[in-house]
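First chain A sits with chain B, and in the next complex the same chain sits with chain C.
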Partner chain A sequence: MAEAEESPGEHETATPRPLFAGLSDISISQDIPIEGEITIPMSAHARELDNSTLNESVRHTIMRDLKAVGKKFMHVLYPRKSNALLRDWDLWGPLILCVTLALMLQKSSVDGEKDGGPQFAEVFVVVWFGAVTITLNSKLLGGNISFFQSLCVLGYCILPLTVAMLICRLVLLAGQGPINFMIRLFVVAVMFAWSVIASTAFLADSQPPNRKALAVYPVFLFYFVISWMILTFTP
Partner chain B sequence: MGMQELQPGQEFGDGATLLAANPDATTINIEDTGETSKHQPRPRGSSGREEDEELLGNNDSDETELLAGQKKSSPFWTFEYYQTFFDVDTHQVFDRIKGSLLPVPGKNFVRLYVRSNPDLYGPFWICATLVFAIAISGNLSNFLIHLGEKTYHYVPEFQKVSIAATIIYAYAWLVPLALWGFLMWRNSKVMNIVSYSFLEIVCVYGYSLFIYIPTAVLWIIPQRVVRWVLVMIALGISGSVLAMTFWPAVREDNRRVALATIVTIVLLHVLLSVGCLAYFFDAPEMDHLPTTTATPNQTVVAAKSS
Partner chain C sequence: MHAAGLAAPAGTPRLPSKRRVPVSQPGMADPHQFFDDTSSAPTRGYGGQPSPGGLGYPSPSSSHEAPFLADPMSNMAMAYGSSLAAHGKELVDKNIDRFIPVTKLKYYFAVDTVYVGKKLGLLVFPYLHQDWEVQYQQDTPVAPRFDINAPDLYIPAMAFITYILVAGLALGTQDRFSPDLLGLQASSALAWLTLEVVAILLSLYLVTVNTDLTTIDLVAFLGYKYVGMIGGVLVGLLFGKIGYYLVLGWCCVSIFVFMIRTLRLKILAQAAAEGVPVRGARNQLRMYLTMAVAAAQPLLMYWLTFHLVR
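On to the complex of A and B.
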């Protein structure tokens, strides 16, 4: 490209010639190789690059979603200032957690007692309508978090309470009594605090500073009610 | 006509306190219904004038009128319209709660705290907290009362949450609706200086229910006397907040109608609190009677443990 780099400007500095007069002198010699590919390669490497997930195996698809859910679980269990839950929100995790919690919390006996524990549908409604109400409240107060991001965070932060439910059921297998109750109370209290701290870490930044407490209080109430349902579960 | 620039929420309060020092300012009530203000100072005898101004507060200035006019301008199907009802800061909510807990005679809750910025945050979340407080406290109290009995099997009584929610939310929304309708109807017959918008009435009712939250928690104590003392205190505080808020609105009316309105408001409040106490909290002494299925031995034990 040596000749091509020769610009008419060089001639102009030597002698005042009309503009673009030297263009005809520029030529591309035959021995300069023109390189590059203009054909689109149809290799397997390129097929992965064009983001089509239609051809992958079912196991691969499921594992990808499960890994995403698992990664978010880790983010909840070790709450750090990160945007992972907010950026790639999904509702699979909350659904899994809510169904697990509702299945474990529902009345185990069908002896027709009038006042018993919550039914499956009641737990489901409390969790989802509670989350929707808190999200609406946060948006109405002027927060800049999107609807589904907030649902995602609230749903994922039920994870500690689901773990508490599992532990409570295991502890209840050993029979009931005051010591049993103390252990369950302690576990539920710790997990409740964990849930509130985890969700506040994600949600607090989205509110203007003079309304943070107004947005956080409903979250506190929400997890308190769920903790109460877990603590009062009797088989 | 000094027109100051307004920062949202900030000078609003300063302007009101400044004007409070000047009780001779003409007071104009801004209604939410969009009607033109019909509260010209009436050329009547001065028998109730100072009281009126004191009770009305002195926040109504040109700035208030402008701000109120600007706020509700979005049509009702947009999200921004509903955002105007949540336009409160943390300290404002705390101030309103404090105002409902400490009713000062002569100070009107709506004029002093709500000030043409009624919010739905307080009423909604106070009612939600109250629902769960009553349900959980009732459950705990029943558990503690029946603790020693052999035939008692603990149930979480989750269905009571739905009942409590229906009662509390119906009270907090339907009674203000009825009261607002009634006041509007009386307004068309008798020119009142003070009239409240529907949201302001909802606001007053919502914040006046706040006292019941600690009351419900304290109702866990299984002593009849303690419970009724608590009922009296709570009724006194919240009833006086309501009465002092609505008295200026009905005062110009026929004496009997005014008194009947205030009495009805207080009676409904009494009904709510006594009804909740009776339904969600078992009576402490009655359930210590021995059940007929117990053996005589257990009967004696149960009677002794009560």
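On to the complex of A and C.
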């Protein structure tokens, strides 16, 4: 078995024969040892750039994620027809925004829990279950957007309302009154419109034109609820 | 005996029994290239979508060049993992489909804006509509998009959610609002809906009606009353009790007529539905059932909204 027989293919025939005619005569009756080395040509530089980001420093990782989140914030604030939010979705931004909003909306009173302000968990639940419901509705209506992409868009578009919350809190420091209320109403209304327009710019594209309004209506309701919570907040 | 398996017939290649020399690790940097490196430029990997199984090519998100085979073991592992993920996903889908018929649900959401507008108009003013029969297309009813008589689940679902929010709004204007009251409203409305569905299904079973009224159809029909409730409460918030009673009264009568005309086609026998009065205990029983279902709607509409408008 260990004999090495020369492969019949090594005998080149000089006679003019049609191509591959000799193949039918080849019968390999013994082992042809094939040995050698197969190496994949790779430079040492590419070796370090493979997928694992485990070796980088923690600061580097956090900065990369923060930069991605910040870039998406910019996309929300200036809604253009771009795919950045949809393509590289992440849920860090919505989490940060939701936690900030819930912290600011929390009633800071210790006297009685029935005072009407939402607790942290309630805001959280409203935001996330609202987003899940809208996503389910959008998917059932036949949109071609994935579950997490939709959650990402809805979460990021809470940014204008969070800004409105900050402004309301600042305005409330100057005391309460009807003018105060009108200012707050105006700010919240503008930010609400901004949120709805920003999320519509991303979500409506995934639906055919005769169903856009149907997909936008629950988004409208969702941001209306959040705006209502912001507007009725009294410290 | 002819030893068939002993000797291989001449001319066929025998399996090599000699072990091949093992291939050395491909990770070594070797300038000696045996072939052209035709690996294409890397595509930006989609973070959210599952990686395409089976190929095993790495989808780098941070590297700038794609090595042709970074490491065969990790590629195999990735291919195996993604095939596992695909298998798991279809297992989950199959099991979910057993409990919640997703494809059937999709039929009820095949609506468009024109349909929703016309249906809302029909719910508020059903008196002029003539033909209440759902069109069929080769044994299956057509999608709601194409026939206004077909039931859908978009309007009931949205109406339910809007009703809960409007209830919260109404309670807020009376200074009786707290967020857990929203949850209370939601669960009590849902409980009433479930009770209705169960009661009607039970009575349909007892009366032995063989009808093509499915459970989801029933939920859809029973969900239409929330539209009237929302209208009533909103007008009540703006114009006080008088407005509330007027609009609610109008919507109650409309939904009564709507339900009678729709259910008549589904529950009653074919002959009776065409207007020919058929005598017989069976049809009378069915007629009473239809009337009872239709009469329950205004009652529930009032019951679920009167405490919101003071």
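Following the convention adopted for this analysis, the second predicted complex is superposed on the first by the 184 of 235 C-alpha atoms of A that agree within 3 Å, B and C clash if a C-alpha of one lies under 4 Å from a C-alpha of the other, contacts with A are read in each partner's own complex, and residues count from 1 in each chain.
Assume a residue touches a chain if its C-beta (ideal position, glycine included) is under 8 Å from a C-beta of that chain, and two chains touch if they have at least 3 such contacts.
Please read these numbers as outputs of a predicted model, since none were measured by experiment.
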Comparing chain B against chain C, which has contacts with more of the residues in chain A? C
First, second, both or neither for A:N210, with chain B first and chain C second: both
Looking at A:F148, would you say it contacts chain B, chain C, both, or neither? Reply first, second, both or neither. second
Could you say whether A:F233 touches chain B, chain C, both of them, or neither, answering first, second, both or neither? first
With the two complexes superposed on chain A, say which partner A:P79 touches: chain B (first), chain C (second), both, or neither. neither
Common ground on chain A, meaning residues reached by chain C in one complex and by chain B in the other: 114, 116, 118, 122, 137, 140-142, 210-214, 217-218, 221, 224-225, 228, 232
Could you pull out which chain B residues touch chain A in their complex? 79, 82-83, 85-86, 88-91, 93, 121, 124-125, 128-129, 132, 136, 139, 154-160
How about chain C: which of its residues touch chain A in the complex? 10-14, 16-18, 20-21, 23-24, 26-34, 37, 44, 46-49, 58, 60-65, 67-71, 105-106, 109-114, 116, 154, 157-158, 161-162, 165, 169, 172, 175, 177-180
Where on chain A is chain B touching in the complex? 113-118, 122, 137, 139-142, 210-214, 217-218, 221, 224-225, 228-229, 232-234
Within the complex, which stretch of chain A touches chain C? 1-2, 27-44, 46-47, 49-51, 53, 87-90, 114, 116, 118-119, 122, 126, 133, 137, 140-142, 146, 148-149, 210-214, 217-218, 221, 224-225, 228, 232
